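In order of appearance the chains are A, B, C and D, and numbering begins at 1 in each one.
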Amino acid sequence: MIDQKTEIIINKKIAEATYLLGLNAHKIVSTAKPGQFVMIRLTSENDPFLRRPFSISGILEDRLFIIYRVIGQGTRILSSLQKGESIQTLGPLGKGFTIPRPDQKAVLVAGGLGIAPLVFLAQKIDPDRLNFLAGFRSAKDVIDVRGLGLKDVELNLATDDHSLGQGGAVTNILEDLLFKPGRSELTVFSCGPLLMLKQVVKITKKFRIECQVSLESNMACGVGACQGCAIESASSYDTSSYLHVCKDGPVFKSEALDWNKYDLKKT
Amino acid sequence: MTLKKPDLSVALGPLKLKNPVLTASGTFGYGQEFLDIIDPNILGGIVVKGLSLKPRAGNPPPRIIETPCGMLNSIGLANIGLDAFLQEKLPWLRDLNTNVIVNIYGHSINEYGALASSLKGIKEIAALEVNISCPNVEKGGMAFGTDPDASARVTEEVLKNSDKPVIVKLSPNVTDIRVIAKAVENAGAHAISLINTLTGMAIDIKTRAPKLANVSGGLSGPAIKPVALYLVYQVVRAVNIPVIGGGGIMDYQDALEFLLAGASAIQVGTAIFVNPGAISDIIEGLSTYCKTEGIFEIKTIIGDLKE
Amino acid sequence: MTLKKPDLSVALGPLKLKNPVLTASGTFGYGQEFLDIIDPNILGGIVVKGLSLKPRAGNPPPRIIETPCGMLNSIGLANIGLDAFLQEKLPWLRDLNTNVIVNIYGHSINEYGALASSLKGIKEIAALEVNISCPNVEKGGMAFGTDPDASARVTEEVLKNSDKPVIVKLSPNVTDIRVIAKAVENAGAHAISLINTLTGMAIDIKTRAPKLANVSGGLSGPAIKPVALYLVYQVVRAVNIPVIGGGGIMDYQDALEFLLAGASAIQVGTAIFVNPGAISDIIEGLSTYCKTEGIFEIKTIIGDLKE
Amino acid sequence: MIDQKTEIIINKKIAEATYLLGLNAHKIVSTAKPGQFVMIRLTSENDPFLRRPFSISGILEDRLFIIYRVIGQGTRILSSLQKGESIQTLGPLGKGFTIPRPDQKAVLVAGGLGIAPLVFLAQKIDPDRLNFLAGFRSAKDVIDVRGLGLKDVELNLATDDHSLGQGGAVTNILEDLLFKPGRSELTVFSCGPLLMLKQVVKITKKFRIECQVSLESNMACGVGACQGCAIESASSYDTSSYLHVCKDGPVFKSEALDWNKYDLKKT
């Protein structure tokens, strides 16, 4: 883990309110793994105050890429930064995905910006063994991942408004897929809104397929010091009732978590 | 010949610190979490996460909310408990070349005493910081710290059971902090630290629910610095024991304000989350400041406020 | 046919406001200063600068210091005094089409009473706001507001001498604000407003002197919003009279947080300095919010917090 | 007084740590007078929090110019803003200089950045009747005013370190000047550090010459609402003991002020 000044090499809009950020992060990239994240300081003033967590979406030599969506004060400021400006970046942080063995097949299920960590994961998987499902609200939200080191990867698309790909929830595609034979060697990797994740977990549980999810939580430190990012664990799995997204995650095996507790939280 | 450097050492009663910079409890874990970035040995001391007799899971999430120039937390003193602390953390802390201060918290006066006596004899623990000011727990915590008698009784109980310097950490959520400060001084405390967080809340206008599951939380960060500084200024003038000041310190200039107000040492908390490098920047900044201003010993500026 | 607009009107006991937005005392002068930019008549009400019997010059400068996400002021209730107010300001205020609330301050309980009785019979003054919470004056002010008995006695004295709704403005610098709130409620106050500023200070590390000539000052602005919101939340749950909430409100979202916490109206203060347009933005923002959310009457969301 | 969005048309360095800022402020310019100022909001976040006061240094059609020095957080941020960005500007504020009658001669005495309001004043005065004295620390701090609507105006320069113009304090030039005949029709206008202003006031008092000074003070509202910008008045002049820089000033007749009280303040 390193806290370094990173120069912005690209910060461009790639979909509705969605940006690709490229940073010169030569120190951080050397150990970064898919599923890990960074904490970015947006300003040297005190407002907005906390750093913002973002998954790593890919690495190219000394460049680190992030895909982010403008949702509030912090990401709005991030989107206004120009090439050449520098920001302070702490990373790589957290535990990433357990990358599938070469004999396993991987199904990646992304909901909206949940695609961010999965892009990096996909870069590490043989395209022949990869099935990348991605749901978006609408065609204008779709993120084209082919330029991001995935030129041979075709997204299996779903849009809520039927404007592109299959209409409806991306989890329908997942369910159809799992009905097909050969599912035993599959692992599912997922990231996206909580409602979608719950559906993915329900489906993989039904089919008894291993599922790794990447979660979000409000964070202050990102390194396990503040205990702010706690989430409820499946108590059967771990006797301490909370896990910490920044240190124990952000990637968890789905059975490690207590999915019944995640109702009130917004994602 | 080695060049003479400014002397940053300060004393907290019986405790000697190589420099006045401590980490605030709950913001630096056990010193291990930021190890890749911060060498704890550069510090005057580290105050570890609040420790209770039994492990505490803490409050339900969300536990953290950003606010203008600050943050609210409702961690609820989540910690591994005494046994795990002694087994898992102490061996590592023992080897540090800095003052390890253990922040303790009890549900009852007896629990404070029991914790103190369990830590007796461990010579690598330099001091105890008694947290009577946590706003995020139902029992104990701030309930003690807002009442002078209860504050005094907790202090006495800890002193009775301890062989170490005892620092009592005060709450800012009181009408007159000097009354509490004097009560713990009279009870025998070796030093006072302040401030713990101010109580606050935030509401999500979309869900119309409090943003923190625990409804209220503790406000920290630069937003509270002016309040913290004034309380330190008041306490320094009310008691004759050393005071450790903190609340919203982000850089060495902030640290200097607290030293000038009369704090013998300072605590850096929330700043670490935003900028882990703040710790070393502050220590270096103080050193450079002393050099530039021709201050040979930093202790000479403690309380040197021109009024 | 006129289109139906969301109904923003609220009631503060006997007082009817066309919308819940008031200006906070001391931040909007007498409504004349920002006239080029803000039409006071759009407001639910204006609370004028704190008024004392005799003119007050106020504290020596510097009186204002910026802090992270806020500011400290030590104005010291500088004001033109009762006579000049009646002669120079009242004629102008009379013609306003909004509630004019006069914020009063006395050195002694008698002075509060004398002020109240001098304002008796002036029907264009909609209500009195009794300031027992100013941190910047030596006598009176916060000294009353931190003591439940004194708070009650000031309230009673004002009520006895007044023919208007009496709002008592509380200080956040207390251990348990509910005690004070209940005391003024029992004394007969028609409404409570809060918070006044938190006491704080700042030090100039170059001169080593306090930045404010008065040493300490009152902290206002977004920095204090979480503290203010929690105190409002607490007071709303402790009393049965209406509460006016404020402290750090910058935009309509902030205003909504206070309404959801249970405030019947809100006060905008320091925001005006940074953005005079905030006043109209907040009123419009609340109206648009109601329209978007299908809220016909804003009063239905007061206290509608999902816990 | 208007609060308007103003687009930055120029923001360039013109001397050591000193910048010229040009704003498209078509509404404010229409009533602005020399000696008046504006309050600029530096960011839409809350840190730095307050607006910053700056004197108006000139107006060209719908353009308003400011000369500022980077001294802290706010001016540092201001200097980083780019052409094309917009900032919120409130003005014109305060009472300006009483412009000398055509039969009067004006001596302008500037210390450092105190030149800012005097540049605007000089634009309104016939160059033949104007004597513009300006003191700076060093040659690198000297602000060339000729481009600022003063092409025929020669600065009478003094530098503390003798690197340009006359060595030493600018007030020495003033004193020499006042020893010459014809001083009775003179008015002195001054702005600069407190120590210099005190000296100017002492000198003009000695020669019984009218003196108008422009002062600074910490400000919150800029319009007379907060009473934060109070300074001590000469009680003989005004019975209320404080004046307000934003409303009663920033330009004052020197005899309106209690100069003995201004010792502790830094400028």
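One rule holds for everything that comes next: a residue touches a chain if its C-beta (ideal position, glycine included) is under 8 Å from a C-beta of that chain, and two chains touch if they have at least 3 such contacts.
The structure displayed is predicted, hence computed values, not measured ones.
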Open item on the list: By mean C-alpha position, what chain is farthest away from subunit B?
Closed with: D
Task: Which of B-D and C-D has more C-beta pairs touching across its chains - done: C-D
- [ ] Indicate the whole-number Å distance between the mean C-alpha point of subunit A and the mean C-alpha point of subunit D.
- [x] 54
Open item on the list: Taking the mean of the C-alpha atoms as each chain's centre, how many Å separate subunit A from subunit C?
Closed with: 46
Task: Averaged-CA centre spacing for the pair subunit D and subunit C, given as whole angstrom - done: 36
TODO: Pull out every residue in subunit C that's touching 2 or more other chains.
DONE: 67-70, 207, 209, 221-223
TODO: Please set out, as single numbers or ranges, the residues of subunit A touching at least two other chains.
DONE: 46-48
TODO: Just say which it is for the chain contacts: an open line, a closed ring, a star, complete, or other.
DONE: complete
TODO: Would you pull the subunit B residues touching subunit C in the complex into a rising list?
DONE: 67-70, 72, 146, 173-176, 198-203, 205, 207-210, 215-217, 219, 221-227, 229-230, 233, 248, 253, 256-257, 260-261, 301, 304-307
- [ ] Enumerate the contact residues on subunit A facing subunit C in the complex.
- [x] 46-47
Open item on the list: Which residues of subunit C touch subunit A once you look at their complex with the stated criterion?
Closed with: 68-69, 222
Task: Footprint of subunit B on subunit A - complex, ascending - done: 1-3, 41, 46-51, 88, 90, 217-232, 240-242, 264-266
Task: subunit D partner contacts - residues on subunit C that touch it in the complex - done: 26-29, 33-34, 36-37, 49, 55, 57-58, 60-71, 73, 75, 78, 204, 206-207, 209, 213, 221-223, 250, 270, 272-277
